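Reviewing the structure listed below.
A, B, C and D label the chains in the order they appear, each numbered from 1.
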């Protein structure tokens, strides 16, 4: 099968959906130039500047405007530039986008996709490295998607754009250039379906985004010692595929939860809670979590590396639960 | 001992700290009139308008300005009016206040207290009822305090104001008028110390804010059936007193976690995660969580009641884990 | 600009209906019969009526926490509105929104807003959508003087101008943001001064003069519809009531309230029309009667409607059921 | 306003030091020897130098993502700055901040900022604190043309004016916010037009003319220090480099860049001073030499300093250790 980078796959998804539906348009900062991750570069030439809207640095207005467009017949795909700046539009995301449908008793649909370039990237430091997905999982009214491969990214972005509900679509910065197989034919991946990225019998490793790849690396290492990890990628944090996770845990009876966000209060805490609330008896060992240390992202490489979860941390955690 | 309402206790804390330290000042909307909860009413008459600053409706600027003042020698106590509007100053809280000390390698202290009137209050609906504390527990660099009694509120607010680090101080709207004993003499309650609000042997019920009182009600009912619940009030969510919680759980071997926030991704998920990670073997039953349903707060009373955790929900959850 | 007698009567009728609605709400709330809290627009009816009357029925409105008048003026069903305030399942928002989130998309009102200045960027987006769909609609965005000090005001205006969006921004300057005076909180005496910062003309009208409001908004709407871009109008009004019902208003001078009440937009237009013979006092009395009857029906509907069933709390979150 | 020859030489020296620092960073970054990413202020030195030279050493500065020049001009130690860019533990921020969060509180620079317009409200609060402490200081706040379209710009200016805070807002308008042109993104051609919306005079200066910048800022600083409240100055400048180092600038006309480079603030002031005999070419050459030597030392210090130990990542989060 042909290979694409995640940036190319996302771009293809945008092109296909913009071609298919004239209501789809892009809005955000520096989209025409494709700064900084290149996904939207050249799309203004293809679809016209009316459908690829560069904006002032006005996150609140951009996101609020996307909502206004979404509830009156358009299908905006907004771009947060860096997920960190969602703080500048938090009211629009949380109090408006997530709530209008409900507050108004279902009078409006909100077909809005908000692309969130997320996570650490070497030396980007405290304002350009955050993993904030947990906030939105805790915000009723939003879908939260977080793909780890080009194919998943494409299929999930297409579904998000076609849906009638708001989606926060996290794209990990370190994955834009990672390549993977992407089918030529159209694939729509439903929201809320996990994918087992590697089958295994000894332990369930559930990981998101870039950490899926770290988990796969760890699984390879563990395999050399005869430990077979099953790597589950939920792909969507909300709605979350509990059934898939639980099936894996029932089989392996052991769990390691891996994510890049700062540890305390991260999404993985909710995953642990689901397990201990709902399938406690299936567990043969404590749940282990691997996550970033609870500090802002420091600039210096050795500090950054120390703060971020490493493959060896995953390996260690697995050894603890299977040990 | 004399009794005060929580509003009176908070007011007393502000008066004492403003009297003690001329660097302490108040900043926020409608403080002089004391709208809407009355805590600051009359303080401008006592301390002058220079120390009780009414502001325009400019949450981002108010909170950003508080930071500017805090790092240059003042000790602002800012008021969010309703915790829901922290969305309008999220960048200032998360990217600036929480991070400046760290990003700057410790060059500045941030003695800043942000009062957050939180939680549901009858019929206030989606924009005036939220319980957003989990976001800030997930933000390294912030302390998160959430008292449930007038005495705790006073002692913790005083400590927060005197500290050198930023504190998000949650005050539950339903508790402002609740009265309780408050010592005449000065009491400073350290951050990070839980309080056992009711001793018991059969189950640990950990609850925050208004839910502490719901949990105490539930404990009374359960006691009639011979089930003795220990009600643990962490009082601070960050730093969190794991030792106190774990001691209780080791004793009771069963846990129910109660909070008012929307269930998925709430602080209680982290509590469950700590337990299953760190004292898994102490548990004799699945952890149960009681929280709000995952929707924005609806307006209509029967809907609101259905969404919010009720005493009977706590009773049921306890019965499940002890049953 | 000439305004037909019929249009003027329509404006008067609209204000009378708003006043009747708001007074019912005031009394019902004081009697403890409505949950939550309410912000009333009594005294400010001239802006809601004047501005909305310049719109087509398919035009849009973004409203505020003080939004009942905007809803009534745009044609929302008062019975369903009242049912919403009674928190009933027959309400405009099925009892989920209440006063602060009341909306009626069927008449283009895309919602009150519990967040001050929450509507401005949404309005810009509605304008964008209108432009993209080439639908020839216009979006009217109400906001208060207090909202003009929030950042989203700034961002939304800038966006509307650079994209030449068909949005008419109407600031209802009643001199107060809750207990905080506009003259204290705002660096400039007229919000309209700020329009120049976005390359717009800042038009100031007397919001107690409904015809002046209507005239200014009509002109702005026509220009916006013709592709001329956004407009900025500041209407000076007086808030007759407290910020919210029950507000003791200790911060406010009684003389200011009295002065405001002496400048009643309804009386003003009524007297003018009667004086010109465009509307007899009997016809005006009939308008009041009709409005009272309409509100009787609205209250009866609201009162008699069922509360939602608890489990309905789980509906309406997503279009696709999870 | 007369500016002493000595002051003019100080301005020139300041610019030369900034340029020397920035060119080192440019080259080191291009050679892959600095982690992260950097935004350089080459071409804009006149604003950093001109504005900061109007300050007392105990005055404050709030900077931006393009902040090296502001730091150097305010007196930050260039060796510790360079060490910070090298991500070393001897850096201004112990290697935790990097270019985008560089700060030196000891000389009053309260930080670059990774969030565009993040500094404006902080500056207002610094002004508030100055006023409360009656310390007679002033706060200078730099921001870009792009920042002027964000809400916090609006809120902070309004606050500074209503409280008459000693804050001088200096907009460095280089015509670009990353790849987005100011003429596209902003509803008005001059950011300074917006000052009137806060009751301020919007002063426009040629940012390539250091003396003009200095003169305007000095006047504003003096007024602010005397209790006259905030000021608003827009300096028109040219960004010589890409938005970030490595930016291919496909969006930008080569002629514009060339035109900018032909208007060098350093050359301009140097030529003037040499012409007036206020500063011989030899003296200027000596300034360049000294700056190069300073930067040699800075680079050597940065290079030779140790990286932080991994566990240092856990320090500096709170004042009170948990």
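As a working rule, a residue touches a chain if its C-beta (ideal position, glycine included) is under 8 Å from a C-beta of that chain, and two chains touch if they have at least 3 such contacts.
Here the structure is a predicted model, which means the values were calculated and not measured.
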Intersection of contact partners for chain A and chain D: B, C
Chain A and chain C, separation of their C-alpha mean positions in angstrom: 40
Cα-centroid distance, chain B relative to chain C, in whole angstrom: 36
Intercentroid distance (Cα basis), chain B paired with chain A, Å: 30
Per-residue multi-chain contacts in chain B, two or more chains: 55-56, 58, 60-61, 84-85, 87-88, 91, 95, 102-103, 125-127, 140-141, 294-296, 298
Two or more partner chains touched - positions in chain C: 93, 95-97, 101, 113-115, 149-152, 155, 158, 162, 184-186, 317
Chain contact graph, described as a line, ring, star, complete graph or other shape: complete
Residue ranges of chain A in contact with chain C within the complex: 25, 50, 53, 55-56, 58, 60-74, 76, 91-92, 95-96, 100-110, 140-141, 143, 163-165, 192, 239
Partner chain A, residues of chain B touching it in the complex: 84-85, 87-88, 90-91, 94-95, 98-99, 102-103, 125-127, 134-135, 137-141, 238, 261-262, 264-270, 272-273, 275-278, 280-281, 283, 285-289, 294-296, 298
Touching residues on chain D, where the partner in the complex is chain C: 149-155, 157-158, 161-162, 184-188, 193-194, 196-200
Of chain C, residues touching chain B in the complex: 35-37, 84, 87-89, 93, 95-98, 100-101, 113-117, 146-147, 149-151, 177-180, 184-186, 243, 247, 250-251, 307-314, 317
In the complex, chain B residues that touch chain C: 29-30, 32-33, 35, 54-61, 84-85, 87-88, 122-128, 293-296, 298-307
